[in-house]
Each structure stands twice: as structure tokens, then as C-alpha cells.
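We just call them A, B, C, D, E and F in the order they show up, numbering each chain from 1.
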Amino acid sequence: MTENLVYLNGEYVPANEAKISIFDGAISLGMTVTESTRTFAHQPYRLRDHINRLFLSLKAARFEAGMTADEMERLTLEVWEKNKPNYEAGTDAWIIHNITPGQWVPSSGQKPAESQSTVMIVTLPLDLSYWKDFYQVGCHAVTPFARIQPAQSLDARIKNRSRFLYTLAESEVKLVDPMAQSLLLDTDGFLSENKGGNFFLVTNNRIRTPSTINCLDGISRQTIFQLADQLGIPIEECQLLPYDVITADEAFFTSTPYCIMPATKFNGMPVGNGEVGPITKKLIASWSELVGVDIIKQAQAP
Amino acid sequence: MTENLVYLNGEYVPANEAKISIFDGAISLGMTVTESTRTFAHQPYRLRDHINRLFLSLKAARFEAGMTADEMERLTLEVWEKNKPNYEAGTDAWIIHNITPGQWVPSSGQKPAESQSTVMIVTLPLDLSYWKDFYQVGCHAVTPFARIQPAQSLDARIKNRSRFLYTLAESEVKLVDPMAQSLLLDTDGFLSENKGGNFFLVTNNRIRTPSTINCLDGISRQTIFQLADQLGIPIEECQLLPYDVITADEAFFTSTPYCIMPATKFNGMPVGNGEVGPITKKLIASWSELVGVDIIKQAQAP
Amino acid sequence: MTENLVYLNGEYVPANEAKISIFDGAISLGMTVTESTRTFAHQPYRLRDHINRLFLSLKAARFEAGMTADEMERLTLEVWEKNKPNYEAGTDAWIIHNITPGQWVPSSGQKPAESQSTVMIVTLPLDLSYWKDFYQVGCHAVTPFARIQPAQSLDARIKNRSRFLYTLAESEVKLVDPMAQSLLLDTDGFLSENKGGNFFLVTNNRIRTPSTINCLDGISRQTIFQLADQLGIPIEECQLLPYDVITADEAFFTSTPYCIMPATKFNGMPVGNGEVGPITKKLIASWSELVGVDIIKQAQAP
Amino acid sequence: MTENLVYLNGEYVPANEAKISIFDGAISLGMTVTESTRTFAHQPYRLRDHINRLFLSLKAARFEAGMTADEMERLTLEVWEKNKPNYEAGTDAWIIHNITPGQWVPSSGQKPAESQSTVMIVTLPLDLSYWKDFYQVGCHAVTPFARIQPAQSLDARIKNRSRFLYTLAESEVKLVDPMAQSLLLDTDGFLSENKGGNFFLVTNNRIRTPSTINCLDGISRQTIFQLADQLGIPIEECQLLPYDVITADEAFFTSTPYCIMPATKFNGMPVGNGEVGPITKKLIASWSELVGVDIIKQAQAP
Amino acid sequence: MTENLVYLNGEYVPANEAKISIFDGAISLGMTVTESTRTFAHQPYRLRDHINRLFLSLKAARFEAGMTADEMERLTLEVWEKNKPNYEAGTDAWIIHNITPGQWVPSSGQKPAESQSTVMIVTLPLDLSYWKDFYQVGCHAVTPFARIQPAQSLDARIKNRSRFLYTLAESEVKLVDPMAQSLLLDTDGFLSENKGGNFFLVTNNRIRTPSTINCLDGISRQTIFQLADQLGIPIEECQLLPYDVITADEAFFTSTPYCIMPATKFNGMPVGNGEVGPITKKLIASWSELVGVDIIKQAQAP
Amino acid sequence: MTENLVYLNGEYVPANEAKISIFDGAISLGMTVTESTRTFAHQPYRLRDHINRLFLSLKAARFEAGMTADEMERLTLEVWEKNKPNYEAGTDAWIIHNITPGQWVPSSGQKPAESQSTVMIVTLPLDLSYWKDFYQVGCHAVTPFARIQPAQSLDARIKNRSRFLYTLAESEVKLVDPMAQSLLLDTDGFLSENKGGNFFLVTNNRIRTPSTINCLDGISRQTIFQLADQLGIPIEECQLLPYDVITADEAFFTSTPYCIMPATKFNGMPVGNGEVGPITKKLIASWSELVGVDIIKQAQAP
């Protein structure tokens, strides 16, 4: 078994030696644009979609990665190929991109220095043990008191690592239940997103999810639209409120690592009958089929 | 001349070798609580006030530094003593604290690992060349289109490094003028703060500044209150709008490195008569006297 | 010992037989204007202030009680005199006014019928057992996710019984802690009030409380201003945020029954050092002195 | 003719003797969850839909009725059967459910006591005389200055009796016209609902109505969608503003008792040509057909 | 008696012949900056304050008058001197400044042409007959449904003639009462201003008025502060709500022509006891004394 | 060649002599309701649609034009016929309606006098030289800091000349680029409109534009819907944010004079690849075909 190698600014370094200067804009400014892709059966899932979104985020962030999207894709596959031998059959990986504007020296005028960007590409074993029970019993979704920043402050679609408020929100919901998962509201009280995923409701066999005016335009979210279309289940974007969760039949989150995380409890109340619902199950099954991996089985493998 | 030594998790390392793991919460979550202190004539200025605020920020951030405020103060002075020999008379230093919850492994359940916090204490030569001309000609304050996040999203008084939106705002104002300084509005259109400093107006010999409901409770800001009291100049906190800048006699920013940065232009229009005003000058002079350093002269030293 | 007699529309009836028609506007519309006064050593405390506020609420509610404030005061004292014999020395009473526009028949055009108002005046033994431990250990203040209605919907100063949202908010905080007390935020995220009381902070020996733009203008709140003045403690109204509680030295609620309820925990974090603070204690002592009743002792009497 | 019998907590009592304790949560907290159903030709209309919504409201209100929806339905029909003999052919009834958490004693810790819920089921003759002329001349819709509470305070879909603000709003519009009907705006200025009904516009043969983010999800509203579909008239939910009423061709309210109330005047201006429009008429006719009762004729019967 | 002469772009023309091109920015863009001054006993009242404010408005409007404030003052006095002979003793005049950026030809790139500004200076007999009865019986203040634009759209302190919304608001309140005077709320529901004046409350012998974040910084308003100081009546700026008017003892508007207009009715309810109050009367008397004109007597002169 | 004749209150006057009293409500109140129509090949384009909208605006503005829509249409054509001889083949005209409530004398009680309305109908040569290069290189869209007034202040669909804020916004964007075109945000940060036109995005071959809750319901905008339908390009109304422009493929404005103005730069960043896109080009071509005039060629004619 070879060492886990990380791509860092043109070099491959072992993951546990991968370090960046404390003067990097990642640390000084939280100025990191990011993507998280995963593999299914060792195939990166919709890698190009992730890289395209990365380049949209970079444009919105007004700095550059120092390479084209094609180069980024090629390089990412190279990183994965280097590390793939470490992954046994049945296991999968997380592929993370973190791009920053590079060194930022505070005395140089309060702006990102004209240094080269910092590019990190990392693969990590996809350990799903934290989420594995949620597939069958569902998680407890809880609304924190803090509210997601409005888009006029920072658009949630720019995937970035300035996540202070999301991390605090996640701490707040743990006050209610140590295993609770945050479901943030926006400043008007509408449902937005989880700290790292999107949210969906099923009511009378219709799937609904917030539009992307207050949440990430998730690739997993896009997969739900694709699967719903295939399965002939109506799906739509709309403004949703806590009352919609209280009165829904089913609820779930989506995110790159776990794909779908059913929520069977909301602010202390059962969602629907309190069990993972049939449409949620059907979506997990269809996704598993789509990618050729039994998502639940893999997560629950010892 | 000795090397610049940085305190990093219990060790002293040369600044240019000071690095942290790419898996640190600083990078993954932007979860860095911070302070910036400076010295005047080699004396750290109001260090204890900075450290007290650091501990309030840590409490609000719900993680710990792994030491008491007394220990932090002692340690900070030790870092400074180690590096002071590098500072010639007439020069001064910037002392930066960055504290993070430590390693954050994404597969471990989306929460900060129970690892130890990461503590960085850094001194840097205070190079004021970027700001030096502003003391006499003033800067151009410009309001970006992006708005500071409301306190119900993230309170601006928690001094942190999740500064993505502030960095973008600073880029936006550079569209108007490459040397423009951002003056952010909040989501109701009221003046809040600069990306790293507070803002003040002088109108009819009265000083006004936004209250801390939408901006950092700056130590430099507190110094202005102290100096205004000494000089018998009325000073008050209130809600301020762009119209108040347009019709003011004088305007200035405050921040740790430059202390006071006069603003003589606002969104393309002169502030007052377009020159640095008498009260601003008096405050700079009083501050210089208070700390025993001619602030302007030091900034403009070759 | 005589029976507890309630004034109900011109008659005295035993409390457990005091009933109103299910067609009353109290039930159909939540259209009840109310006051809660208490006695100290059998003396109604600031009864006239309560009655004056009742009449302001009635005016704002656009219906009438069917009697003048003088008559209401006289009648209230009569109710109290009738029931006082039941109260042993050391015990005290709660005096409640509930006034409704009277019968409301839904088929009569969706407006309060021109029936006479319903007037209820009730005395009840003041059982403080629920709150009694909070005087020494403090309660846990928690912010619910629901937000108080803005004043442009319904001004919190109109003391009324349309308390659906407050009751829900109180349920929400019990998810965090079964003994938690709600501290509601307004729709901008500012602190407003408890479901039945006002909120105060002590920071650096200064008392601060929200202005009445988003909370009841409590008589107990007025007493705090009076006591602070007597004790020479600076006190002011201002906009307050959760961060202000996190960084405060002391916190407490005020309300008619318990007078002062210290809060030593806020959203899971200690307020100050996590103990009831010296200024809070001083205020309780002064209030006890003012009314000639040891408030804590009375609450904790077996 | 038998007496009107009301179901009250397991007993049948004559309506004019139906009373509840003044200590019930209905009165103390406005904590009443409610439904209003009506009969057409002595058949309860969509009773099960009303009961299902009642149970969703109860869930959102976090208390229970003490029986299942099936039991509630059976019981409701029993109440109606008992009273039906009083209703001559051609007349119809209103069936009202009011459910409260039961006794609430203020000294018991400020929370609903663990008492049993209070269940009221009431039938009343449906007297439509107040509305009867509106079918032909239309009513005057007026926007009050007060604004409906935002959903983050209390979701308008929880059908409840904490109606203080709605009752005040209704008083406000009577300042303009004693027969005016309130059309409330939300805090962003969008049209929401009437104090007891929904609102619709017809413009260029398209029906539009606010989505349920700021109004009740009315059963009558659902009937309009059903009828529009049958009649092939396009209908959609969207955000509507006063300008949309000013420029509409037709406007009407819907509610359980009157079904459809045309509005031919808005804030002093004619809606369309100031007469009840053809689509409104068609909807009333279709509804009449659907339920086998001539709605207008019944309302105008002497 | 000579003709009324108006200053128009460097010439004196009879008022009834004073016309401007239909292509002027006044008409095409509503881009008119304005002031209204009045005389007392033929002396212009605080003319220089008005002219200073005019120049602040011009600066905020980003165009110029084509002359200095000194020239404007001199010219204004010249206009007044020319017309003064027409004013008998006991009568007074209104002096109006309207300044526009001049011709705006729509095909020339959608921006004000580089034409010279248009300057109008007009005197008019001050006919107070419309307001004359309000001094003794008070007016009826009514809140329109429309809300004043927020300062982030257009700061109310820039005195301008883009008054479409104010004029509509004034029409709306006439629906309630043909003699009603508008009292606009801002988008948060706080009191702001009348279509042409400021608003004040007197409660418990304290005068309160909205701060200028949502209303004009009126010269008459400044006079009230000056008179209150002289009379030893506490006066303060704060956020005010309709409830504050409902529960006030006295209320009044201020504006250049009528100085003080008492309001004795608010949204159909009496303010205080429904009569003009003692502090309002005292302020009118003091103002009369200050300017040497009996304000009421003059208004009521036949 | 005859003189350009303007219709002004029943008379025809030469354009350069067309003047209105400085006491007209157009000037005193900005109370002008307006329309701008243009001709294509000397045919007024959708004149009746413009006139219908004019009458809706008048209704919302609560005053009348003094004639019916039919009369207005007839009269407009008459004005055009009178002036048409001045227009050579290949040139076109702008037809402007400005309607005001007429004279407004400030001393007559602060309301529009009962004078007759002022009606102006003007034709002007359509000089497109300012915009002509934008067809091929695109303009630079920039978001000003000022925000469009919310609909609850003044609905953007009432086409009026109280344009102070729009004119200021246009000045603000010129700070970034002298040829920049304003793209205003609303107070929630959503895209609304240009100072005189609507805005569209093309992303993945789908056209999107803000709904009319915060912008004019432009006739040119309606033409885009018509053309998109013809061309089979999906088009929809939705809430849009700056991020949507940053990540769009194409962007353009629409307005009566220039029809379509491509935007290839947004806040300093290229839109798509920075060139006028294929769908934008197709729409311009289709529009040209629809009206029988080569829009670009005409604009660029010498």
C-alpha cells in the first residue's frame, strides 16, 4: 500500500506532510474556493460538473486557479490514479479541491498579494460511519437560531470555506440533540440548506426543495432532479417554511459523501410517520443503481 | 539579526517555515478566531484588551484555545521578546493571534474533531507604506454593492477569518478606484465598517460612528472615544447613511496598523472640502502623543 | 376560609365555576386585553399603573371595558378585599384582568358583535414554586427559532392574550432544556422579550435592556429603572444581540410574579461566570426592601 | 324543534349553556386550534379535508386533541346528526371545531398544564345575511395599515384563534368604509389574505392568488383550483401587489361560509369596470352545481 | 401693486408667464432639488439654513446650481425685495427654490445633458386658509398603506420634487377622511414624516420625534428643538410606532408654511383627550414670539 | 421640412416653444405619468399597448387624463401624422406621453388642485448614436449601491417621471465606467431593472428575467417573450442575483429606443466569453424581421 499523496502547488506530498504557510489567504481571509467530489466504484462521479462549478466560483471570487478547467480535470484524475491503488474494491474516495489566491501578507495593503494561487487536490477514504445509521432510522433535522447570510452578502452558490457561521449553526443544533443535523433558515425564515448539503421534502408524492437563491446548487441536488424525472415523480423548487417540514410525509438531505440522508424527525417532532419513507428509499435505490454501488451497503460495511 | 520566530502549537518555528496542515479547521471551515495588536515604540498597545476580546470571540465561537487569558498574554509577550531584537528603534511590529479548533477530518461526521486547538502567534514588521500617503491626502472611501452579513447570520464583533465577503467587497470598490477603501453598508443600507477597520464622521465638530450592532468593536475605535473625551470633542454612536458621509466635514477609518486613515473622497465626491480636516489631524496628533510615537512620521519613514 | 371569588361581568362567582360562553371573542378571536398585577404583603403593587396600561391597551384594541379606569381600580380592590381573608401572612396573590369585546357570533358579519364587553377580574394564590430555585442558580435562557411578530403586525406593548406564537416559542426552547426559558429574537435578530417578561443584561456594571419597540413596557421593567436609579447603576435601552448575552457578566428576566429571574446560562453557555451576579442580587434585595417582602424567602417558603 | 347541542369535552350541552373555564388556555393563551366546515344541502362539505388540516395544525401547535382523526370525524358527524333535525330544507349549518390544550394555571410554571385538551364541536345556523348583497354588487376590499405577521413568527397555515391582529386590521379598514373587507399585506407589501379568507384576482382570463407562504391553505381556495381546472381557466399562485388589484379585471375572496365574495372596489377605486365579473360569476355557478345548492339564492333567502 | 416676478435662469418674468421647457429634467426625470422658505413679518426665516441645505442636496444629487451659496442667498433676497412691495403688513410670503440639471434630451444617452442647470426662485403669498382651523381643533393624522422609500433607495433628507409616492400616500389617507393628513410609516412600520413636514409626539411632558434616518431634517423641526430647549421641555429623537401616537398626550406636524399643525385624531381615535394640548400651544406661542408674528392670528386673518 | 409640433393641452406648438408653468404638478410633485413609444418604418409599434398601460398607470396614480384611451390613441396618431413628413425613410421617431394632474399651487392645501390635467404628446427623432456600438461590443452593466424602491413604496410598473433615484443610480455606475449602464438591485439584493429598461440573462440556452414585482412590465420585454416563443427558446420569470449574471452565457437590456442592448461585461467581469452571444443576436435579428427594420443598421446609420 502506497502513501496517500496530495497535490499541492505542483508537487505531490504525503497527506500528513501536506501543509501550507500560515500566511496563505486560506487562513488569513478564509478565501478558499472549493469542491468535493466522490467516486463510486472508483469512478469519480460527475467530476467535470464539479470542476465547472469550481471555475464559476473562482470567477465570482475574482481570482484564478492558474490553469484551465481541462488542466484541472486532467490533474485531478492524475491525483486519483496515483492514490487509487490504496482503495480496495468496495471502498471509495472523496476528492477535494481547495484553491486560494495564495500568500497574503497583511502589511502589503490589505489585499491578496499578487502571489500565485494555492492549489490543493486531496483524496481521502470515504468513511461514512458517522451517517450510516441514518439511512434506516433517519436523522433529526433541527433549525439553528442563526440564519444563513443573505445572497446580497455572499451567494451560497459560491462554494467556499468561509464557513464560520455554518459551523456555529451546527453547534447550536447539537444543543437539542448531539446527533442533530442543522437545517438553516434564511433571514426571512425560509428553509435554505444544511451546513454541507441540500434539503428536500416529499408531500403527497411531490418532491419540493428550496430554489438556489439561498443555497448551494448541489451536484447531488441535480442528481435528485435527474432521478425524480426518471422515476416520474414530480419535483419542483419553491419557497419552503418550517410548517412544510412539520406537515411533510418525508424529508431528506443530499450531499456528496452520503448522497441521501433521510430526516425522520424535525425540531423534536416526527416527519410523517417518523420512518424513512418510500420515495426516499426509491431514490436511494435508484441512485445506487445509477452508480453501480449499493450506497447503504457500502456505508454500513464494517 | 535573528530569524523571525513564530509560535505554533507550543513550538517556535521560523516564519517562513510556519505551516499548518491542509486539514486544519482554519482551511476547511474558515474557523479561525483572531486578533491583531501592534506595538508603539516596541510596547504592545492594549495587549490585554486584545486578548480579552480574543477570549470573548472564542466563547462565542464555542471552542477553546487550550490556555487561559493570562497564559496567552504571557506567551504573547514571550513571542514578542524573542523577536524584538530584530526591530530597530523607530520601527514597530504587528502581533497576530490566529486560533482554530484544530484538525478537521471531513469523514468524521462533519464536526470539528476533538483534536487540540491550533494556536498561532506571529509578529511581523509593521510596513505602513501602503497607507502612508493617506495621512496627508486622505483615501477614497467607496461603498461596494455587496452588503455585510447581518448580525443574526454572524456578529461582526466575533473577530474571525471567514472574510470571503469582505475580500470580495474590497475587490468591488477597486473597480471605481484602484486605491479605494471599502466602506460596507449593511442590509438596511446603514454604514457598517471597512474590511478591517471602523469608520467615523465629523460633522459640525461632533464625531459620529456606527454602533457595534453591525461592526467590530475595535480597540482603535475605543481609542478614538478615549481621545475625543480627552479633547472635549462630543462623540456618539448612531445609525449613519451614505448621505451623512456626503454632508460630513471630515471622515476617517481606524484600524490597528495605521491607527487613523483619513477619507477625503466618498463615492467620487469630496468629503467636506476634500482635505484632511482639523479634528482628524488633532486625533492623529493626540494618538501620537498618547503612545509616544509620531504615527505619520513613522509610516512615512523610508 | 371563604371560597375564591372571581368577578365576572358584574357578578361574583367561585373561581372553579367561573366560565364564559364558547362564543366569547376571547375564544373566537383571542381578543383579550389583559393585565397581571401582584400583591406584596397583601398590598397590590402599582395597581394604578397596571390599570392605566390596561386602558391604553383597550384604546389600541379599539374596544371598551364598559367602565372608567377609576371604576376598574375600585372594583379590583373590591375583588381583592373579598378574597384577601384567604391569604395568610407571608403569602401573596396574583390579580388578573381579562377584558374581551364580548360575544362574537360568526354568522353576524365577521366583526365583534355589539354585545357588552366581558370583564374578568381574578385573584389567585401566587405559587412561585416553579421559579424558586432560579433565584440562586439562575435559569437557562434559550432563543427559539420562531421570531416575535414585528410591531407593524402587532405591537408587543398591547398586553393581550393572542399568545399562540409565544407559547410555541416556549415549547421550542424546551427541546434544548426542559427548564429553559425563552428569550425571543425579533425578525432582525435583536433580543426582544420572554413569553411573559422583559430581559436585562449587566456588562461592566452597566444595565442594558431592549427598548420597547419590540417588547412589553413592563411594570417590573419600570421598577428595575427605578431601582437602578436609586442604586446609582447606569441603565439604558438599546438594541441587543445574542453576542451581548454571550459576553455579558449577568443577565435576568423580570415579570410580575417572580419579579427578577436570574439567567446564568444562555444557549448552553454560562453567562459571565455562570453564577447569579452581584448586581442582580442587589436588585433583588432592593426590590424586597422596596415592597417590604423578602422576595426569595417568600418564593422558597414551603 | 330540539335544542342546539354542542359537544364539549365528552358531553352534549345546549349551545347557550356551553361554557369553558376562564382558566382555559383558549382564554389565557389564545391557544385554540380551529376549523370551520359548512354543510351544503345538509352534507358536510369536505369534512375529512378540514379534519386532516386540523390535525396538521395540532401537530404544528405541539399538543394533542386526545383522539384520532377518525374519531374526530365520527364524532363530528354525530354532533351534526344530533342537530340536523333543526335545519329546514334550504338552510345549512356551520360546523366549528375549537381545540385547546386545556386548563392553564398561571402559577404552574408558565406552561400549558398537563391537563386534558378541551374539545368543542359546534354547529350553528349559517346566516349569510351580512354577505348576501356582495354576490351581486361586490364588496370593497381595503388594505389596512397593519401587516400580517411573517411566517417566521406564526405560519398563517396553522388555523388558530390568536386573531388579535386580524381583528384590529378589520377595524382599520372600517375607517374607510363601514362595509369594507380587509385585504392584508405582508411585511414586504405583498397581498396575503382576508381576516378569514383567501383572495383571488382575474386578469386577462387568468386567475391568480398568493401562494400559501403568507396565507391560510383554505379548503375553499382548493375548491377554486378544482373548479378552475374543470372550467379550463388557467390558475396560478404568485406574489401579488396592490397594483395587481388596481389593474385586475375581477377580484374575489373565498371562505367557508360565503364560498365566494366578489370585490368590485379596492381602496376606493373600481376593480375592472366595477361590476362582478364573468369568471367570478361562472365560478359561483359551478360551485353551486358542484354542491347542489344555489349559493346566492340560499344566501338571499329571506 | 406690481406683478409677481419670478427669477428664472437669470431673468425676471411674471409668475403667470414663468414656464420651462417640457424637455427640462424637472419634468423628464423629476430631478428637481428644492427648498421652501417663508418670511415672518417680511423677514425671510433662516434663509441661510435653507440655502445651506439646498447645497447639500445638490451635492448629494451630483449636479450644480451654477452659482455659490452666497450668490444664491444674495439673489434670493433680491427676488424677495422685488416682490415685497406687494405684501401688505400682516401678510407673508413663501420663497421657493427649484433647481434642475437643465435640459434632458432622451436620445442623448440617457443622462442629464451637459446643459446649464435651471434655477427657479419664486415668491408666493402665504395663503394658510387650508390649515387655519387646525390650530384650534387639530387635524386627523392617518397612516397610508404605502410606505416611504427606505434611505438606501433615496434619502429623505435630499429635499427633492420626485414626490409621486408622497402624493399617492396623501390621496390614500383622504379615503378615510377628506381632511386627513398623511403620516407615513417606513418599511419597518416606524413613523417617518408627512408628505411635507415632520411629526412630533408629546407624552408625559416629553417631546419625541423620529430621527432623520427616515425623514427630512426640517428647519421647522430644528426650530422645535430650539424652542423646547428654551422652554426646558425634554426632547429626543427615537424610533416611534403607531402605538406611540395612540398612547400620546399630544401630537403635531411641523412645516415651513404653517409652522405647527396640531393632530388631535389618529386613525380614527382621539390623540390624548382629543384637544390641542398645552405643550403644543406653548410651542406655537413661543414660535410666534420668536418671529414676532402671531402665527395663528395671521393664518386666521380673513 | 415643417417644424416639430408638440401637442400640449389641446394645442399644437413648436417643440422648442413647448413649455409648461413652473407651478405644474410635473415640477412641484414629479407627478407625471408617462409612456415612450417608438415607430418602426414610421409605424408606431404597439401604440395601443402603450396607451393601455398609460391608462393603468393613471388609474394607479388616482388622476385622469381628461380623455378616453380611444381619444388618446387617435390624438397620438394625429400628432405623429403631423410630424411624420419630417422623417426621411430609414429614420424613426420616439413618441412620448407625459400626463400630469395640472397646476399645483402650494398654498392650496398641499394637494393637486382641481385644475385640468396637463397632456403632452411629443415626437422626437430617434437618435440612437449613444447606443449604436453596444449592438456589436455590448455594454458594461454595473450595479449601483442605491437600491430600487420596494413596490410597497412605489410600484415600478406605474410608469412615471419621479426618477430621482434612478438618475442618481445611473450617476453612481459612471464612477466605475463612463459608459456603464446601471443594473439596479432591489432592497433584498435581487436584480430589478435598468433606469429605463428591463434585463435578461441567457444561461444554457434558457432566457430568464426578473418578474415584474420589482420592475416595469416593459412592452419591449413583452416582445422578447413573443420572440422567444416564436424561436422556441424557453423563457421564464424568476428571482435573479448578481451571481446569475456572473455565471450567465449572455445578458441584455431591453427598452423602447434601442430594443435590445447586449451587456458583455458585468461589474468588471466578462459575461460569458465577453462577446455578444448567439441568442441575443438571434433575438435582434428576429425583432428586425418582425418590424421590418434592420435595428442595428438603422442605429448605425451615419
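Heads up, the rule we're going with is that contacts are C-beta pairs under 8 Å (C-beta built on N, C-alpha and C of every residue); 3 or more make two chains touch, one makes a residue touch a chain.
What you see is a predicted model, and the numbers here were worked out from it, not measured in a lab.
When the interfaces A-B and A-F are ranked by how many C-beta pairs touch across them, A-B comes first.
Comparing contact pairs by residue number, the interface of B-E is reproduced by A-D among E-F, A-C or A-D, since over half of the pairs coincide.
Centre-to-centre separation of subunit A and subunit E, using mean CA positions: 57 Å. Averaging C-alpha coordinates per chain places the centre of subunit C 32 Å away from that of subunit D. Work out the mean CA point of subunit C and of subunit E, and you get 43 Å between them. Contact with two or more other chains is made by residues 62, 147, 150, 152, 158, 185, 187, 189, 242 of subunit C.
If each chain is drawn as a node and touching chains are joined, the picture fits none of the line, ring, star or complete shapes. Remark: subunit A residues 6, 8, 15-16, 18-32, 36, 61-62, 94, 96, 98, 105-112, 120, 122, 124-128, 130-131, 146-150, 152-154, 158, 160-168, 170-171, 174, 187, 195-196, 257 touch subunit B in the complex. On subunit E, the positions that touch subunit B within their shared complex are 56, 59-60, 62, 150-152, 155, 157-158, 211, 213. For subunit C in complex with subunit A, the residues that touch the partner chain are 142-145, 147, 172, 175-176, 185, 187, 189, 242, 267-268.
Looking at the complex, you find that subunit D touches subunit F at residues 185, 188-190, 238-239, 241-243, 246-247, 269.
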